[in-house]
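One chain, subunit A, appears in both complexes that follow, with subunit B as partner in the first and subunit C in the second.
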Partner chain A sequence: MTTLWPVAMITFKEGIRNKSVIGIFLFSLFLLCTNFFMAGMALIDIGKIAVDIALSTVSLAGLLLVLFVGINLMSKDLDKRTIYMVLSRPISRSQYIVGRFMGMVLIIVFALLIVSILAVLSIILIKAGHGNENIRFSWSVVILALFFIMLSNILLSALSFLFSSFVSTSFITLLLTVISYIIGQSMQDIRSLIATSQTSGIEISQVSTKIVQVAFYLFPNLSLFDIKLQAAHGNPVPSSYLFWTTFYGVVYICLVITASALLFRKKEFP
Partner chain B sequence: MRRVLLTILLIALASLQIIAVRKATFERKALPEGDATAYLIPSKLAKVTMLEFDGIAADFLFAKALVFIGSTKERTEIPRVKPWEWKWFNELSNTITDLDPYFVDPYYFANAYLTWEGGMVQEANDLLKKGSRYREWDPYLPFFVGFNYFYFDRDNGKASEWLMTAARRPGANTLYANLAARLAYEGKRTENAIVFLEELLSRTDDEELQQRYKVRLEALQGIYALENAAITYKQKFHKKPRSVDDLIRTGLIKEIPQDPYGGTFYMDARGIIKSTSNLMLSPQKKD
Partner chain C sequence: MAIIEMMNISKEFKDGLSSRKILALRNIDFKIEKGEVFGFLGPNGAGKSTTIKILLNLVYPTSGKACIMGKDVFDRSARAVVGYLPENPFYYDYLTAEEILSFGAIASGMDKTDLPGRIKTLLSRLNLSTASKRPLRGYSKGMLQRVGLALALVHDPQVVILDEPMSGLDPIGRKMVCDLILDLKAQGKTVFFSSHILTDIERLCDRVGIIVNGTLQLVDDLKHLLGKGTTLEEVFLREVGRQGGDER
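The block that comes next holds the complex of A and B.
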């Protein structure tokens, strides 16, 4: 732990200083401002639209953070050859990966916490401005949704670490991460489409069904972490769901980071 | 010197840019283009492609529906909205509510326009029934289904069933159960319609809809007054009145109520109160 902490702290400072962070922050601020217009447009379900936009903003900010700050962090050491300097210190390659990842987790938690506070503020303001009885979302589910957004972004970031541990350029890492994100988000819907293919009259070949089955266990099921609709309508989320989804997220993150530590040990630097 | 030249060039280019963009936009308008209402992503595809942003996608599509209806209000031709546009509007509402089936606004909005203007009562009811299935706590969606069956389809049996569904939900107006029971009997159509409309009026914030309900309510209240007078006439003189003038002559009513749709109330051969406007706004009055 004593060797991990300095790496994590350096990574955190390095990441927060990145100019993209400010860009992402301003972008989120802009989106949250549109919330006031969009929510004003609704006739009845004002709370729903306010929560939708607020949570989607946090989600999008996290995604941009992982894709443009996280991937950069890892690749910079490799591109600029500073990795030789780091590894000449008394620190193993796996410790380096885990330390870096911990720093990235700190960045995600810190940045998303700020955006979340602003998002919650926008909901409070809209709610106060309209103050009618039709706003029926629940704060506890909104907080839970924010927690899940954070977890799913940490998971995606872990995946990007895995890719960068065996891919040579950051562009390929970016592509692979984006693809994993899209697969992870649409998996649930595609699975249910296949399940109801008979009733809806779409023909799906055996091969595609098998591919989806394999992908289901290989790629992270990110849509599990998406409870924005539940939050927006105040639909209850059972504690068993909360437990198993959090458990799944933590296990998957540990799995991916262990795999990337293993792969990184074998990696040859140019 | 060079700096001055460059600055002049910059200003010249900037003004040229403004002219160019205006010209190009103008030319673009003449390009044959697909209408915005001509296409729609099927909801199954939309649900998958919107990834985790299906909630916000529903919000934006709903904004699109609002803008579409708003834009038709500037049209002068009659009918304002073409049948195929109503079809598209219905499909759009279906896509929105497939993306987020709990979102209540599209149900209200689609119901208000599909029934009164679009003449797609069946489609509006299908949409409301979907919403009622998901929003199982909400008494208003089944109430609307009940109203549509009663008012547009004249199916009191089904209307009564849906009103009972509405009455059983939490927070439902106690009037629903009452209405449901009354609908089981035939007759009293005008009176029931008035009760229904008063409830609808209290439930809407949309000014245009409020106005539409108010006009219809006023017309129905006029008819109701005449019907009541006719009943009293029959009890008093043991025969049916032949025209509304009979009612005035005998002093049962002071004057014939105004038809807010611009017509005149009269009594047909079977003694039923009607209006020359057929309770529809005439095109002249609409403008």
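The block that comes next holds the complex of A and C.
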């Protein structure tokens, strides 16, 4: 921990002062302002719209943070060789990866906490402006949804670290991370679609079914962390779902970071 | 016990995606003793930086073994006693000189209580006191080079490895670095540095090594070399000529 913490701290300081973070904050603020406008236009389901836009804003801010700040942090280290500054100390390559990832987790948590507070404020103000009759949602599920958004972004960031550990350019890392995000978000739906089609007698090739099966186990199921709909409708989320989804996320993150550290141990910096 | 030991080190690099390999270092073997200032000379692409990167475990040798103070360089604790300045250093844009130095010292295991005084002294010594709280992205190349030097020295290392330390420095900066190296020598520290500037090597070093096309051509005492009535430039050109220039 004594070697990980200094690496995590410089990662956090460098990342949070990045101008892209300010850009993401301003963009989120703009989206949250549109929340008032959209809620003002709606006659029914005002609460649903307010919660949906607020949670989607936090989700988008997290995604932008991972794609444009997280990937840049790692790639700059490798492209500009700032990594020499870290690895010339008694810090191993594995410790570098874990320390850097801890720093990125701090950035995600800190930045998303700020955006989440703004998002919650926007919901409170809309609720105050429209009274309670049109607004039905559960604060506990909204908070849980915010927690899951944070966890899914940390997971996506872990994947970007994995790609950075064996890919040489930041563009390919970005591409692979975006692909993983898209697959992760849609895999559950595709799998359900295949299952439904098969039960209704529609023939799907064995190869397609196998590919979807492999992708399902290889890529993280990010749709598990998306409970925006439940939050917007005020549907309760069972505690077992909270436990197992958190467990799945944490285990996946640990496995991906361990694989990144193992791959990074072989990397040279000529 | 030798402070730095390179034992029959060879290094091959892959040539892009092809199966062809480039031999960057061929059986490099030398020792540097405690308190020595060792100058590492060679034309561009001769293998100076690769040798240094093997010592810091940034690059793995294809064969052979490298040790610092008796510890294999694969052991990360070997680097706790090393201060390193890379060639053309880049640092985190949004951190200040104080933050970078604080990281360097803590990561090397230095006690936090001694830190503020040590950082202040070093920054003042390198004429960076007024800029110490400014983000590094606003620094000139020479200032970054001086931050790099401060970072290499912040934890008071026993071994200092400098890759082209005079690069990007004006005459005042060069004098500052020369004085620093002489100071380190007076403190009994071991300094290993690569340079193209022969006058600096002549002024500072006890021994020199000349590497050409990945082969260590010569390791000798500077006094012994220059005592024969030849200049270091003549010796350097002769050794480069023996290997056929600097293209590889």
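Heads up, the rule we're going with is that the second predicted complex is superposed on the first by the 262 of 270 C-alpha atoms of A that agree within 3 Å, B and C clash if a C-alpha of one lies under 4 Å from a C-alpha of the other, contacts with A are read in each partner's own complex, and residues count from 1 in each chain.
Please note the rule applied: a contact is a pair of C-beta atoms (placed from the backbone, for glycine too) under 8 Å apart; a residue touches a chain by one contact, two chains touch by 3 or more.
These figures come from a predicted structure and were not determined experimentally.
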> Which of the two partners, first being subunit B and second being subunit C, lies in contact with A:43: first, second, both, or neither?
Replying inline: first
> Which holds for A:182: it touches subunit B only (first), subunit C only (second), both, or neither?
Replying inline: first
> Looking at the overlay, what does A:210 touch: subunit B (first), subunit C (second), both, or neither?
Replying inline: neither
> For A:233, is the partner it touches subunit B (first), subunit C (second), both, or none of the two (neither)?
Replying inline: first
> Once the shared chain is lined up, is A:193 touching subunit B (first), subunit C (second), both, or neither of them?
Replying inline: first
>> Quick check for you: in the superposed arrangement, does A:265 touch first (subunit B), second (subunit C), both or neither?
In response: neither
> Both subunit B and subunit C touch subunit A; at which residues?
Replying inline: none
>> Show me the residue ranges of subunit C that touch subunit A in the complex, using the header's touch definition.
In response: 13, 50, 53, 56-60, 76-80, 82, 84, 86, 89-95, 99-100, 103-104, 106-109, 135, 151
> In their complex, what parts of subunit A are in touch with subunit C?
Replying inline: 2-3, 6-7, 9-10, 13-14, 17-18, 80-82, 84-92, 95, 268-270
> Which bits of subunit A are touching subunit B when the two form their complex?
Replying inline: 38, 41-45, 48-49, 52-53, 55-56, 59, 181-182, 185-186, 189-190, 193, 200, 222-223, 226, 228-229, 232-233, 235
> Considering the complex alone, what residue numbers of subunit B touch subunit A?
Replying inline: 44, 47-49, 51-56, 58-59, 62-63, 66, 100, 102-105, 108-109, 205-206
